[in-house]
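What follows is a pair of complexes built around chain A, which joins chain B in one and chain C in the other.
Take a look at the complex of A and B:
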């Protein structure tokens, strides 16, 4: 009834692609989150006036298509003779892209902690670091984590664009198979199913946490 | 470090061509939003209808749109539909892909907005003698549109950024496609794409600002 030329080694090829997607995502989200926390704290501490340049730069990363950013970064690294591999370029761009969104999430988390709570901490003799570490972090995490999960999934999905730089990730791997086997629908369905299986459970977890940790009820 | 001469002149000379491309980009984004909003309203209706088949259909659509990459959805429209003998041009495939994606995200926004309006208001409307349609039209809908307006404009910006994905399926008339074509002719990648980035940024900002101005006029009370 149903015939396909897809072999086990082709599936292994797809799995390699999926591993590449996950690797790019893991590196970018880790680096992007660390940068995002740093920038977020800077934005809150410096106030809107002094952090305006940072805000502008991060806003650019959110207002220019990721594909264009990737092409630009790749062109830049070859102009500057940095000799980066496509993997490095992709991770750098995706990290900055993640950081741009993460900054807003972190800022939102920090500003959601009532000023009175923080003043109470300081008046108990806590230092700024102690206030940040023991008061702000736990409270801000509750607010930020659901959006951060959403961001991680977004970056995972957007990482499909690195195929433009020649990196063989999940979507590119399936495209190669489509070209060879001429069974676009079947292979793309497998590809979509893999993305879905990675994304859906985590998205559900995010939705659950959002409901569970919602500060108003 | 930079053993490279920038040729901005070439890029600037191509500006009119790129601006034409930007118009196509805007056109696709607007069309995809229009189709997306209509589909999203239908999907929201399906989900509220209580019919299991319609609800399942809408939920499947929304979950697929939200849990797979937009690029995958465009590939699906361009390559995947070929299995059924449907061969879409890059323009149509891009439009279908983005509209599908928009509809999924917008349906979720609309549902959230509907949830934010207490049932008691509908009941109050009904007990004042309004019909179900009237209560929806005059009480629920205006508030829903107000709540959903900002997420919808965000989606519009997303749609503009997503149009750039068309270049991966061979689109050559929108901004990214035109830029890529110019780039293939001259290999001045950085200059052309930097200019394209500026144009995208300006479009995205203009849409955001216009939406904000519109919102402050529309939702004055």
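Take a look at the complex of A and C:
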């Protein structure tokens, strides 16, 4: 018979951790995606020369390990006396990190729409904005969706690093239980299963949308 | 009336239009022939302002196309253009492809736009294909859809840029028939084409472009029957 000291209240503690993971992910992916769309459009419209400073900053966010970004950002906000809570700092850093990747996804999506298709839209009298909204957005979304789903799942897992700022998210909650109960394998198994349960619907949603859109291609 | 006065246009160091003068009257069908790189397609994209020009003037019903004050989007709903590549919007059905611009640019209601779209699609023989996605159709059908899409804006002028060049030979006929029908209905058209037989049949005048210059323009009988320009003579000998 399988014995464990894990109680219902421990599971509730894990659930709270999962809720924190979800909250950090939701805020960061939402804000990061909106920023990424904005930066992506700017990069395409401004061209490589004028968007070089933006590209450089985003490259920094993409290449410096997230853990270092979190620790530095936390130190800076403290030095600058911004008084940010760890949750705020975590969300700001993760949002910028997400935006850096999302910018490239958006840029790739926009440039995948053939110039001739866009010219056809403009030749019908559509404005730049109408072309972006009714032609580029739906076509670019189809192209970008798989990468964006991948990014979202990646950010969700990377969000575990915010435990270094003292946030008790899913992984940190599991660690606390492991330390107390000394049942690492069982608890990490549950922790992994919860990560999977969160990821799976997102991945399936992506699969569903891809399938729904595919008959038009 | 489309008035083209001494239009010059370069891409980098390559001058593709070297002072073109051409006036097209309402109801007239003008075809433009000539070898690749002779500037004929560029001229069409300049007429509806998709390309800027370096000097000269293009006027459509008195409105100067390249003037800063000109509302190009308004002008473009008056001057339809169909390209070599039909450029269907792949995420929209055939009827939605045609409805989009009337709804968003002209501000028509969904019903009104749909009515126009169905009418134009039926006109080009695609009345059975309304709910189909473009990629399920042949190139010829997609090109006819592109023509219906342009016609749905009720343009007064139509520009056709080598609309049969990207089609399989057996599909060329159906698209040319559509153009013939438009010509017979009195649409003002400028067609850039490589189809000499078609040019001879439908045109009021045929213009021959060579290296950015309009070397000769004449009614089809004269231009094909008794070409004066030596380059045109060579061109016709090579294409017959």
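The definition used in the following text is that the second predicted complex is superposed on the first by the 201 of 217 C-alpha atoms of A that agree within 3 Å, B and C clash if a C-alpha of one lies under 4 Å from a C-alpha of the other, contacts with A are read in each partner's own complex, and residues count from 1 in each chain.
Following the convention adopted for this analysis, a contact is a pair of C-beta atoms (placed from the backbone, for glycine too) under 8 Å apart; a residue touches a chain by one contact, two chains touch by 3 or more.
Not measured: the values here are computed from a predicted model.
Considered on the superposed chain A, chain B and chain C are sterically compatible, since they fit side by side. Of the two partner chains, chain B is the only one touched by A:69; chain C is not.
Contact with chain C, but none with chain B, is seen for A:116 once the two complexes are overlaid on the shared chain. Of the two partners, chain B and chain C, it is B that touches more residues of chain A. Look at A:83: by the touch rule set out above, it reaches neither chain B nor chain C. Contact with chain C, but none with chain B, is seen for A:127 once the two complexes are overlaid on the shared chain.
Of the two partner chains, neither chain B nor chain C is touched by A:53.
For the pair chain B and chain C, the model built by superposing on chain A gives 24 Å as the shortest CA-CA distance.
Contact residues of chain A toward chain C in the complex are 114, 116-117, 119-127, 130, 134-135, 138-139, 142, 213, 215-217. For chain B in complex with chain A, the residues that touch the partner chain are 1-4, 63-64, 66-72, 75-76, 79-84, 157, 161-165, 167-168, 176, 179, 189-190, 193-194, 196-197, 200-201, 204-205. Taken together, the chain A residues at the contact with chain B in this complex read 60, 63-69, 71-72, 74-76, 79-81, 153, 157-158, 160-161, 163-164, 171, 175, 178, 183-186, 188-189, 191-192, 195-196, 199-200, 203.
Within the complex, the chain C residues that touch chain A are 48, 50, 73-77, 80-81, 83, 85, 87, 89-91, 100-101, 104-105, 133, 135, 146, 149-150, 153.
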